[in-house]
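So the structure is just underneath, and the comments pick up after that.
Order of writing sets the chain letters: A, B, C and D. Residues in each chain are counted from 1.
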Amino acid sequence: MKSALKKKLFVTAVALSFAMAVPAAGIAGDTIKLGVAGAQSGDLASYGLPTVKAAELVVAEYNAKGGINGKKVELLIEDDVCKPEVATNTATKLVTDGVDVVLGHICSGATKAALPIYKEAGVVVMSPSATNPGLTQSGDYPNFFRTIASDDAQAKTEVDFAINVIGAKKIAVIHDKGDYGKGLAEFAKTFIEKSGKAEVVLFEGVTPGAVDYTAIVQKIKRKGADAVIFGGYHPEASKIISMMKKKRMTTTFISDDGVKDDTFIKVAGKNAEGVYASGPQDNSTNPVSVAAIAAHKKAYNSDPGAFYENAYSAALALLNAIEKAGSTDMAAVVKALQTEKVETPVGNINFDAKGDAVGVGFAMYKVENGKYVEVK
Amino acid sequence: MDYFIELFFGGLTRGSIYALIALGYTMVYGIIGLINFAHGEIYMIGAFTAFIVATVLSIYGFPALAIIIIAGLAAAVWSSSYGYTVEKVAYRPLRKAPRLAPLISAIGMSIFLQNYVLLAQTSDFLPFPALIPEFAFMEPVAHIVGSSDLVILVTTAVVMIGLTFLIKFTKIGKAMRATAQDKTMAVLVGINVDRVISATFIIGSALAAIGGLLIASHIGQINFYIGFIAGIKAFTAAVLGGIGSIPGAVLGSLVLGLTESFATGYVSSDYEDVFAFSLLVLILIFKPSGLLGKAETKKV
Amino acid sequence: MFPVKELKRSALISLWFAFLTFPIMVIKVNPIERTVDWRWDNMYFVAIGSFVISILSKVYLIRKERRSGRKKISRALTEPFMQRILREPRFLYPLSLAILVFAIAFPYFFSTYQTNIMTTALMYVVLGLGLNIVVGVAGLLDLGYVAFYAVGAYSYALLNMHFNMGFWTVLPIGGLFAAFLGVLLGFPVLRLRGDYLAIVTLGFGEIIRLILENWNDFSQGPSGIANISRPSFFGMEMSFDGGITYIYYLVVALVVFTIFVVNRLQNSRLGRAWLALREDEIACQAMGIDKTKTKLIAFSLGAFWAGLVGVIFAAKTTFVNPASFTFLESAIILSIVVLGGMGSIVGVIFGALILILMPEYLRALSEYRMLAFGGILVVMMVFKPDGIISNVRRSYRFKKHISHQTSDQS
Amino acid sequence: MSKAILKVTGLTKNFGGIKAVDNVDLDIQQGEIVALIGPNGAGKTTFFNCLTGIYSPSSGDIMLCNPKNGNEITVNGMKPNKITEKGMARTFQNIRLFPTMSVLENVMIGRHCRTKSLIFGAIFRNPATRREEEEIIETSYGILKKVGLHKEVNEEARNLSYGAQRRLEIARALATEPFLLLLDEPAAGMNPKETEALVSLIRKICSEGHSILLIEHDMKLVMSLSDRIFVMDYGKKIAQGTPEEVRSNPAVIKAYLGEDVDA
């Protein structure tokens, strides 16, 4: 497909730019084109590649059933390296290739940069992992949806848990200086301060990839924090927690969806025991989720990576909406997304007017015996 | 005071880690005047090799001590081989090229090796087996200095002494010093400069591999990207100490490690790297060739 | 024709690579499930691949040697074909005109995506030309060039957000901010020798990025600044497609302007001083050139261009965050300059187009793209260390002995 | 006698504990050719480097007096480019041309400190800049003609023969309009024919109003060319005077030939 593009460009360049000018309305092509965009190379590839795999599996399943309304689903996979400037190119490329809906992007920053382009072209976008609240709450992007909770909702869950369940009085809020982690940490800080029941004793960022986190861990200890809320992803979380264990600290460690990932338990091993993390409600009894994970194991002989279930859900939701709407027209798809419930690995969901998923339950988990167990 | 000591030891560990990588930078720079950007990747490959070998051995049920020794050796052997090959493929043909050409080649090599490991292995973080055991005698002070910190400190000290000995007294060390000072003269007195340069890469890479093994074991995880940040920091440390100088690399690394540790401890870790780089700028302004670098005498 | 000794050598090389890649390529372990996957077929691929490549490169070298042996005399005439085109205005001017016409017609013949990519590539042409002043011409190794780019981008993002200032107002301001910062940084560090300068500029680039990342009140931190206005056309707002075409033309104009200015700078008193500085600092000072001042001008002029492109960057993506300004970016811009040919304007243009367009068209290779990118950098440097096109020096003609000059420049 | 155009008093330069130049006095009058000789390692080049600002002297004074206007200035500690601007230019012992620049451009660099245009002029090429550029080219060409390199104007400097490179260095220094020219071993590596040409070139330069201070090992050249000679050994000045006086000075002979030889 990609190499064919070049030929097509040279032969029918003008025609193509005309086709561009007309919004990708209705049923123009003979396939339904599902774009997948996110980091597929570079240091953040591990967050983007599971999404590609999820999309591949969902599409294979749909096509095996004969496609949607008689049409096969085709994947257009594009890498944005999680960089905003690359994301605009990626988005333009997808739009030029006549994409109907997009699963992506992975990082909030890249998503923000790409969304205006999709909006202009009337393409619905659903991210499995972009959690920046502004994406839905600003109302700027009517074509944006996501299958993951936004930062503020997650931060609220974490803070409520830390204060009301754990009973923490002094909380250290640590983040990884990243888009996701820092955003979340800031919400956590605000919620803690608002609650009046606990104080933030430390609010700092660690440098991802640094060789050693001893100093920050010592600092947490010195500040006498009884709980740590960490905003960020599992590599940093596991480094911090193992460093804390090495220093014989027993401070409660609470983190987010970026840590509620089996990889965290694998990497942190024994040190992961007792760590709390927020995440979508337990799906281990959800047959769709079980099937999705089994499909991954079968196809790739490995466990799925980060945001796999969210991505799987998003792909299902998007294709389902197209099927129900009977068209890839933006208004119809949006309407279908909002009204038609769909069974996905993260629950039986539809979407609210802003684009956040309804029905994605949120819960706190604790690592017990090498597994995340929901805290009731 | 306890807090100060904790930070001090934390900084020392961090500095020692930098030192093991920085030594490779400084040796290569001293001899061919090249910033070997791929050195961080050599370190990463060392860590990966150790990871692979150690995991395989533990699956086949080898005893812990054997695992450490074999994994360490394997890491050193393969890192050295990579270092040697990288020099031969990417730098040697460029020995007479304009000054920046090898630098770009090095950047290219760094990107290549990163993606090579990414594709051949995985983009995920992997749990690195705890090769360094928790010593019982360290338990009373474990909240200040852990066992792995101790091992890292001791290893760095031993390596440092060994390296100084090697450079000062052995034949290859003397050849290295001669080559570093004047390549043409070294050739004239019968030194095989190519071989000396290869030896430098091999030794530097082996040190990086030891560093990779220790750090990975200390923090318990690796992925293909760990070489990049560690590499830049180690390079900063080498320059800070005076690039080309071996004691300088160690001193620079320790200063950098301590600065970062104290900056985090007493100010904020938000600006930890800002402190590190500002320190570098400040020191270079007042001492343009680094802490222990020889002031360049202009020969006119 | 192919000696047996070489075959043996290639066999050894292939054995070596098979050994070298053994742990990484062959063994894949799963530490959780405690399983080992031995991928032996990878080893065969590596062995066969390295054998073939080694033979091919040997053949290339032998042929190259033969060719250079045979054509030693005529080489001066045939080899620098590009050079001759560049030197002769009667070739150069029509060629430039043709390229310009092509550039102007581009959006009419290619899709929006292609135009968008081309815009990016042309932005890097300008960045490359800016850095070329610093590295290629004045010989100052700057590894933190991206900092000035960031300053430009954030100037527009912040001024637009807080004061609703327009693109055209901020364009010069962004450039000047960057240039000012260049002077500010240049003062203390320019007396450092080559590689020390390199690491300090690298550090400086990181400092700027870290400040943008950490100082939320100022820069909104890692989540960045969204909804930056696109440039307006005499007060008119434009559609998305129109906007892309508009920015494209704007960048084309900037490229032309930059080439014009940089070319004139290079062939001036100042440009000569930069070159001399690159070649021999001490002799340069002894000839009465103020080292610090000349370097500062080069440094801040380079920064100025980065600032300009930064503003355009912010306007084009309508979103900025610190993730766009990492060291890798500096490294890519530096690669453009060196790969293209240090000090050569045409070389830098080629370098930028190749390095920026290549990964885009390598998308077909998807995950192997960056691997190929790194590999190509190495191969290019090994086989063409002077860059694709080396600089053409201006030549002077004097009629007989009367010192009357007619000069032409490239 | 008029005021000396260069007057050095008590110049000392230490490197660590070593005194490379030790309390040296020296003066040059307008129109003179003065030679500075001494065995290898006597500190001659270091002395030059102190004069031209490449090293800053540990102690002592260097006074320059422009013969055109009689302005006297102390230049010790000044930057090299300032000193060149004041009218003292030099060549180097190990040739330091700009190797990949053309012969003409090398000389044009010498005109840098006598011209002014900067960014604005470079970009807009206003009439003043164009005139200046023309002046630079013509003057440089004239100087190249004087040293006999005008046929190689577009050649890269590194492609010139050794002797030609030395002459180019002199041309480049002359382009800065010095009243005092410092030549560091100008005849080193030249064949007898080239040396001869050099001697007449130096005479010609001198006759055009440039005074000259040169370091040289070729005694024939030194003796035939110089008005006065200064001799250094182990950083100290051990003798000075006319060629005849120096030739018969026992200290000089001892320095050159060793301890055991009697005068």
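Everything that follows uses one rule, which is that a contact is a pair of C-beta atoms (placed from the backbone, for glycine too) under 8 Å apart; a residue touches a chain by one contact, two chains touch by 3 or more.
Note that the structure is a prediction, hence the values are computed from the model and not measured.
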Check every other chain and keep only those touching both chain B and chain D; list them. C
Per-chain C-alpha centres versus the global one: which chain is nearest? C
Top contact pair of chains, counted by C-beta pairs? B-C
Between chain A and chain C, tell me the centre distance in angstrom, where each centre is the average of that chain's C-alpha atoms. 34
Chain A and chain D: spacing of chain centres that average the CA atoms, whole Å: 72
Approximately how many whole Å separate the CA-defined centres of chain A and chain B? 36
Between chain D and chain C, distance of the C-alpha-averaged centres to the nearest whole Å: 42
Two or more partner chains touched - positions in chain A: 41, 177, 205, 266
Could you list the positions in chain C whose residues touch two or more of the other chains? 31-32, 214, 282, 367, 370
Multi-chain contact sites of chain B, meaning residues that touch two or more partners: 115, 122, 126-127, 270, 273, 298, 300
The answer for chain C against chain B in the complex is residues 16-17, 19-25, 27-29, 31-32, 34-36, 42, 135, 141, 188-189, 191-196, 198-200, 202-204, 206-207, 210-211, 214, 282, 327, 331, 334-335, 338-339, 342, 367-368, 370-371, 373-378, 380-382, 385-386
Of all residues in chain A, which touch chain C in the complex? 2-3, 6, 9, 13-14, 16-17, 20-21, 40-42, 77-79, 82-85, 88-89, 92-93, 95-97, 107-109, 112-113, 116-117, 120-121, 132, 134, 140, 177-179, 182-183, 186, 205, 266, 302
Which residues, counting only chain B, touch chain A once they are in their complex? 3, 6-7, 9-11, 13-14, 17-18, 115, 118, 122-127, 142-143, 146, 148-149, 215, 218-221, 223, 225-226, 228-230, 233, 260-262, 264-265, 268-270, 272-273
Chain C partner contacts - residues on chain B that touch it in the complex: 29, 33, 35, 45, 48-49, 51-53, 55-56, 58-59, 74, 78, 81-82, 85, 89-90, 93-94, 97-105, 107-117, 119-122, 126-127, 129, 232, 235-236, 239, 243, 270-271, 273-274, 276-278, 280-281, 284-285, 288-290, 296, 298, 300
In the complex, go through chain C and note every residue touching chain D. 261, 264-265, 268-273, 275-276, 279-280, 282-291, 297, 301, 393-396, 398, 401, 403, 405, 407
